[in-house]
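As C-alpha cells, here come the structures.
In what comes next, chain A is part of two complexes: it sits with chain B in the first one and with chain C in the second one.
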Partner chain A sequence: MSLNYFELFGLEPIFNIELAALESNFRKIQSESHPDRFVTAPAAEKLSAMQQATLANEAYLSLKNPANRAKYLLELQGITAISETNTAMPTDFLMQQMEWREATEDAVSAKDITALDSLLAEIRVEAKSLQDSLTSLLDVQKDYTAATDATRKLIFIDKVSEDINRAIEQIDI
Partner chain B sequence: MALLQISEPGMSAAPHQHKLAVGIDLGTTNSLVATVKSGMATVLQDEHGHALLPSVVRYMPEGDVVVGHDAQAQQSADPVNTIASAKRFMGRSLKDIADRAHIPYNFVDSSNATKLLQIQTRAGLKTPVEISAEILKTLKARAEKSLGGDLIGVVITVPAYFDDAQRQATKDAARLAGLNVLRLLNEPTAAAVAYGLDNAAEGTFVIYDLGGGTFDVSILKLTKGVFEVLATNGDSALGGDDFDHRIYCWVLDRIRESTSDFNPLSENDTRLLLTKARQAKEWLTDNHEAQIVCRLNNGLLVDVTLSATQFVEFTQQLVIKTLAPTRKAMRDAQLTLEDIKGVVLVGGATRMPQVRHAVEEYFKQTPLTNLDPDKVVALGAAIQANALVGNRSEDDLLLLDVTPLSLGLETMGGLVERIIPRNSTLPVARAQDFTTYKDGQTAMSIQVVQGERELVADCRSLARFELRGIPPMAAGAARIRVTFQVDADGLLSVSAREQTNGVEAHVVVKPSYGLSEDEITHMLKSSFGSAEADKVARMLAEARVSAGAIINSVTLALAADSHLISEQEKQAIETEIQNLQTISQAEDAAAINKAVDALNHATEAFAAARMNASVSHALSGKNLDSINL
Partner chain C sequence: MAYSDKVLDHYENPRNVGTLDKNDPNVGTGMVGAPACGDVMKLMIKVNDSGIIEDAKFKTYGCGSAIASSSLVTEWLKGRTIEEAYAIKNSEIAEELALPPVKIHCSVLAEDAIKAAVADIKAKQAAKVTA
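Our next item is the complex of A and B:
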C-alpha cells in the first residue's frame, strides 16, 4: 500500500532515471489527484486529493534533484547519507569548499555578480562529474560506500550553490 | 477520470447542466468579471457597456454605497468617503503603508500595531476587506443579472506575490460578499492560461504583470494544457499608482517653484492632482507631452507641461525596480534568456512605453501584447472557474502553482528557520522537529513568519501560537514536530505535536493580520439584517442541499468502486447514509451537518483507496502510451 517514490512514478529505482518519464508521470498523477479536480467533492475526497497531491510533489522533488535522488536511493538501502555521526569529509574536498567560500566572500564584498555567476558555473561542472560517477557507483557497481561519499559531496555542493544564489540576491537590488 | 458531478446549494442535480461560475479580477485600479459562454471566455459588461469597474467605493450620506464610475467621478469632491485602491491595504496594518501622508483618507491609528488598518468614513470605520467586499458584491450582481441565475462559485485572482495575510483578507472579502470561492488564483497564472490556450502556446513563458498597485513576474512551462509555474517573484507595493504619484510629486515641485505662499494641499486637491496625474500618464503612452491644468480649492491655477522624456527620467527607478524580481525569478527557475519562448505583458501599467522598452531590453525579444492587458487575468480566471465546476468536458487543464514566499519559524536569537522554501509547488507539507532549551520546559511559543530574510524582525509575522502540556523533561529531550501545510489557494495551516505524548496544537494561520471569525460573523449578520427566522430557514435549506449532494456522490462512488473496500466498511458507510437520510427529514440544521461530517469521516479510507486506484490506473495508461511512442 505504501509505495516508495520510484514505485509511485512507475520508475525503476536507479540513479540515472529518464527525467522525461518522471515529469510526464508526475503530471499524470497530478491530473488525477490535484485538489482542483475535487473543488466540489465531499470533504473526504478533498482530503485524500490534498494528501496524494502533496505526496506527489514531495516525491517529485526528491527524484528530480540528483543529490536528493541519490540520498533517497541510499535510504532505500538503509543508508543515511547525512547524519550527525557521519560528518567526516576528505581533506581535499574540504579545501576546495573553503576556496569556494572565500571566493564567494570576496565577490560579495566587491559586489561582483559576474564572479559569483562564474563560480556557480564552476561548481556545476563539479556537480556534473559527481553525478556521472554516481550513475556508475549506484546503478552499475552497487558500491554504496563510495556512493555515500559522492552523495554527501553533492549535497554539500548544492548547499554552496544555494548560499551563492542567496549572496547574489543580497547584492542584486 | 471519474469526477463526480455534484450539485451545489440552490442548484438542481441535473447531470449535464451548465453551472454558473465566474472569474473575478479584483484589481487595485479596476475590477472585472468574466465567464465562459459556449466555450468562449468573455468579460461581462454592465448595463452601460463598461467592462472595467473602477475599484472605487463611495459611502453616501444617505447610507447607500456607490461603486465604480460614479464613485470615481466624485473622488475629488468627497475624498475621505470615496476609497480607491483598497487592495493596497488588504491584510496590512497602518505601519505597512509607507506613503500614507499622500493618501487622502482618515486612517485610524490602532493602538495594536499588528491590527488590520481601518479607514474612518461617514458610514463608520471600514476595513479594506469590507471595502473590497462592496466591489465584489457589485460584480456578483452584474454576473447574476447577465447570466440569469445564482453563481455556484467564483475564482478570484490575487497577485502571485501576495502573502498569507493578503490572501486571507481577499477570501474574507469574498465571504462578506456572499461568494463561494472555488480557488484563489495567482494573476500571472490566470494570464498564462488565457494566453496559452488562446495561442496553443508550448514552451517556457514569462508573465510580466505590472498592475495598478502590484508587480508580479512568473515563469511558466506550458505543455499540453499543463501550466507549471517554475518560479514567481514580485513586489506587492509597486504599480501604476506609483507612477501617478511621481507625477503628482513633480507637479507639487512645480507649484512650489512658482509660488512663495504654498500651503499644504487639502484632501480634495490631493485627490484632484492624483487624478490629473493618472490622466497625464495615460496620455503620455501615445503622446510626447501632457498638459496638466486645474484650479485648486484655494484659487491657485496649476498649468504645467510634462514631457514624455521628463516622465521617463523621473520614473526610471520604478521601472528598474521591476527588474530585480525578474532576475530573481529567472535564477530560481535556473533558466537563461535563451530558454524563454515569449514574454507576455499583463496589467494596464505595461502600456507605458518605458516599461515595454525595459522588458524588451532585458529579455532581448519583443514582448507579446496581443491580448488586452486589462482583461487577460479575468479571462484566465473564468476559464479556471469553468474547469473547476466541471463544465469543461476535456480533462486537460491543470495548473501547478507555487508558494511565492518562504515560510518559517522563529528559533532562538530571533533567527528564521525556513520550513517551506519559496517556489515550492502547491499543495505542499513539510515537517520539522524542534526541542526545548530549558529543563522542565512545559510550553513552547511558536511564531510563524513569511519572507526571505534571515531575521524574524525583517519578515512578516503571520501568527504566534502556544503549545502547552509538554511533559517536563531535560532540555533537548522533547521532540516537537511542527507541520506546515500550504493548500492550493496558497493558504497556510500549521500544526504542532509533541512526539512523546501527542500533545497537539493546530492553527489555521489567521489571527495576527486577519479578521477574527467573530468579526466576520458580526459583519455578515449586520449586512444581511434579515429576521432570525429567515436565517434558520436558510441554514436548514443549505444543510439539506449539502446532505443530498454527499449522499448522491457517495452512492455513485459505492456503485462504481465498492470492490476497493471490505464488506464491513461498505456497511458502515451505508449505515451513515441511512442515518443522514433520516436526519435530513427533521428540521435541525446542526444535526444534519453533524451527520454529513460523520458520513465524510466514514468515507475517508474509501476516498483514499479510490484515489490510489485512479492514480495507478492513470500511470498504467501512461506507460502504454510511452511504449507506443
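Our next item is the complex of A and C:
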C-alpha cells in the first residue's frame, strides 16, 4: 500500500503542520534517495530510489504551500476542490478580485512599485486570514464544505499574488 | 502553445470591453471565476422590454482564450433573446475559437458568465414585478 504525503513525512494529516518537521523529513528522504548513494546499486534499487526522490519532491511541494496542502487534505476526504466546470464563487469575492486586478493593471502601467507592494501586503492579510480559518475548519470543525470554499479562495489569491510578484520583477529589471 | 487565428484576433482586438450601468434595471451582471487558473470574468447585458439583448460588455482578467471567449460571446449576445442567450453552450464557443482541450474551461467560464448574467436580469425583472 502506498503512503499518503503526510505519512511519507511522518506527519499528522492536518492543515496546521509544523513546517520545520516537513522540511527536515523532506531533506532526510532526499539524502537517503540521492542518486550518489546508488551508483553501484542494482538497477532495481536505483529505480526505486529515483521513484522515492520524485515522490518526495511532489509530496513536499503539495504540503509546503498552504493552498495546495488544503486541496490535498480535501482530496484525502474524497473532495475535489478545484474542478474546471465549477466557476461559481461568491460575487463579493469576485468583485474584490476584479478590483485587485484593476489596481494591479493601473500600478503596472504607472510602474508604481510602491502601489504594487501595498496591494501585495493587503492580499497577504487576506491570505493569512483564510489560512487561519482553514486551520479551524479542517483541523477542528472538520467542516469540509466551508473548507472547500476557503481553499478555492486561497488558490485564487495565490494566483493574484504570483501575478503581482511577476509584475514587480518586470518593472524592477 | 499556439493560439488559433480567431483567438488571436479577439485577444488583440477584443470587442465590447467595458461596463454597463449596473444599477440600470435592464442590465444584468454575471461574475464568474476559475480558481484553477485564477481567471475572473464579468459580463454585463442590457435587455430591452421585449427580452432582446441590446448591448453586452465584458471585462476579463485571464489568458488569451478566456478573453477571446468572452469577447466572442458579447458579439453573439447582441440581438438574441435572453432565452437564446441562456441556451449558448460552451462547446459552440470552443468550436468557433478552435480551443485546444486544455483551454476548454475558458469557454465553460464564458457560458457560466452568460447564465449568471441572465439569472441576474431575471431576478431584477421578478423584483420589478413584485414591487
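Here, the second predicted complex is superposed on the first by the 168 of 173 C-alpha atoms of A that agree within 3 Å, B and C clash if a C-alpha of one lies under 4 Å from a C-alpha of the other, contacts with A are read in each partner's own complex, and residues count from 1 in each chain.
One rule holds for everything that comes next: contacts are C-beta pairs under 8 Å (C-beta built on N, C-alpha and C of every residue); 3 or more make two chains touch, one makes a residue touch a chain.
Since this is a predicted model, take the numbers as computed values, not measurements.
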**OP:** Check whether A:Asn57 is in contact with chain B, with chain C, with both or with neither, and answer first, second, both or neither.
**Re:** first
**OP:** Look at A:Phe9 in the shared chain and tell me whether it touches chain B only, chain C only, both, or neither; answer first, second, both or neither.
**Re:** first
Original post:
After lining up the shared chain so the two structures overlap, which partner does A:Lys28 touch, if you call chain B first and chain C second: first, second, both or neither?
Top reply: first
Subject >> chain A residues touched - chain C or chain B, whichever exceeds >> reply: B
Original post:
Which of the two partners, first being chain B and second being chain C, lies in contact with A:Thr91: first, second, both, or neither?
Top reply: second
Original post:
A:Asp36 contacts which: chain B (first), chain C (second), both, neither?
Top reply: first
Original post:
Touching A:Ala44 in the superposition: chain B (first), chain C (second), both, neither?
Top reply: first
Original post:
Any idea which chain A residues touch chain B in the complex?
Top reply: 1, 9-10, 21, 24-25, 27-45, 47-54, 57-58, 60-61, 165, 168-169, 172-173
**OP:** Under the touch definition given earlier, write down the residues of chain C that touch chain A in their complex.
**Re:** 31-38, 40, 42, 59, 61, 104-105, 108-109, 112-113
Original post:
Any idea which chain B residues touch chain A in the complex?
Top reply: 1, 3-4, 6, 8, 152-153, 182-183, 223, 226, 228, 324, 327-328, 331, 384, 387-390, 395, 398-400, 424-429, 452, 485, 487-488, 549-550, 553-554, 597, 599-601, 603-604, 606-608, 610-612, 614-615, 618-623, 626
Original post:
Quick one: in the complex, what on chain A touches chain C?
Top reply: 81-85, 87-89, 91, 93-95, 97-98, 101, 152-153, 155-156, 158-160, 163
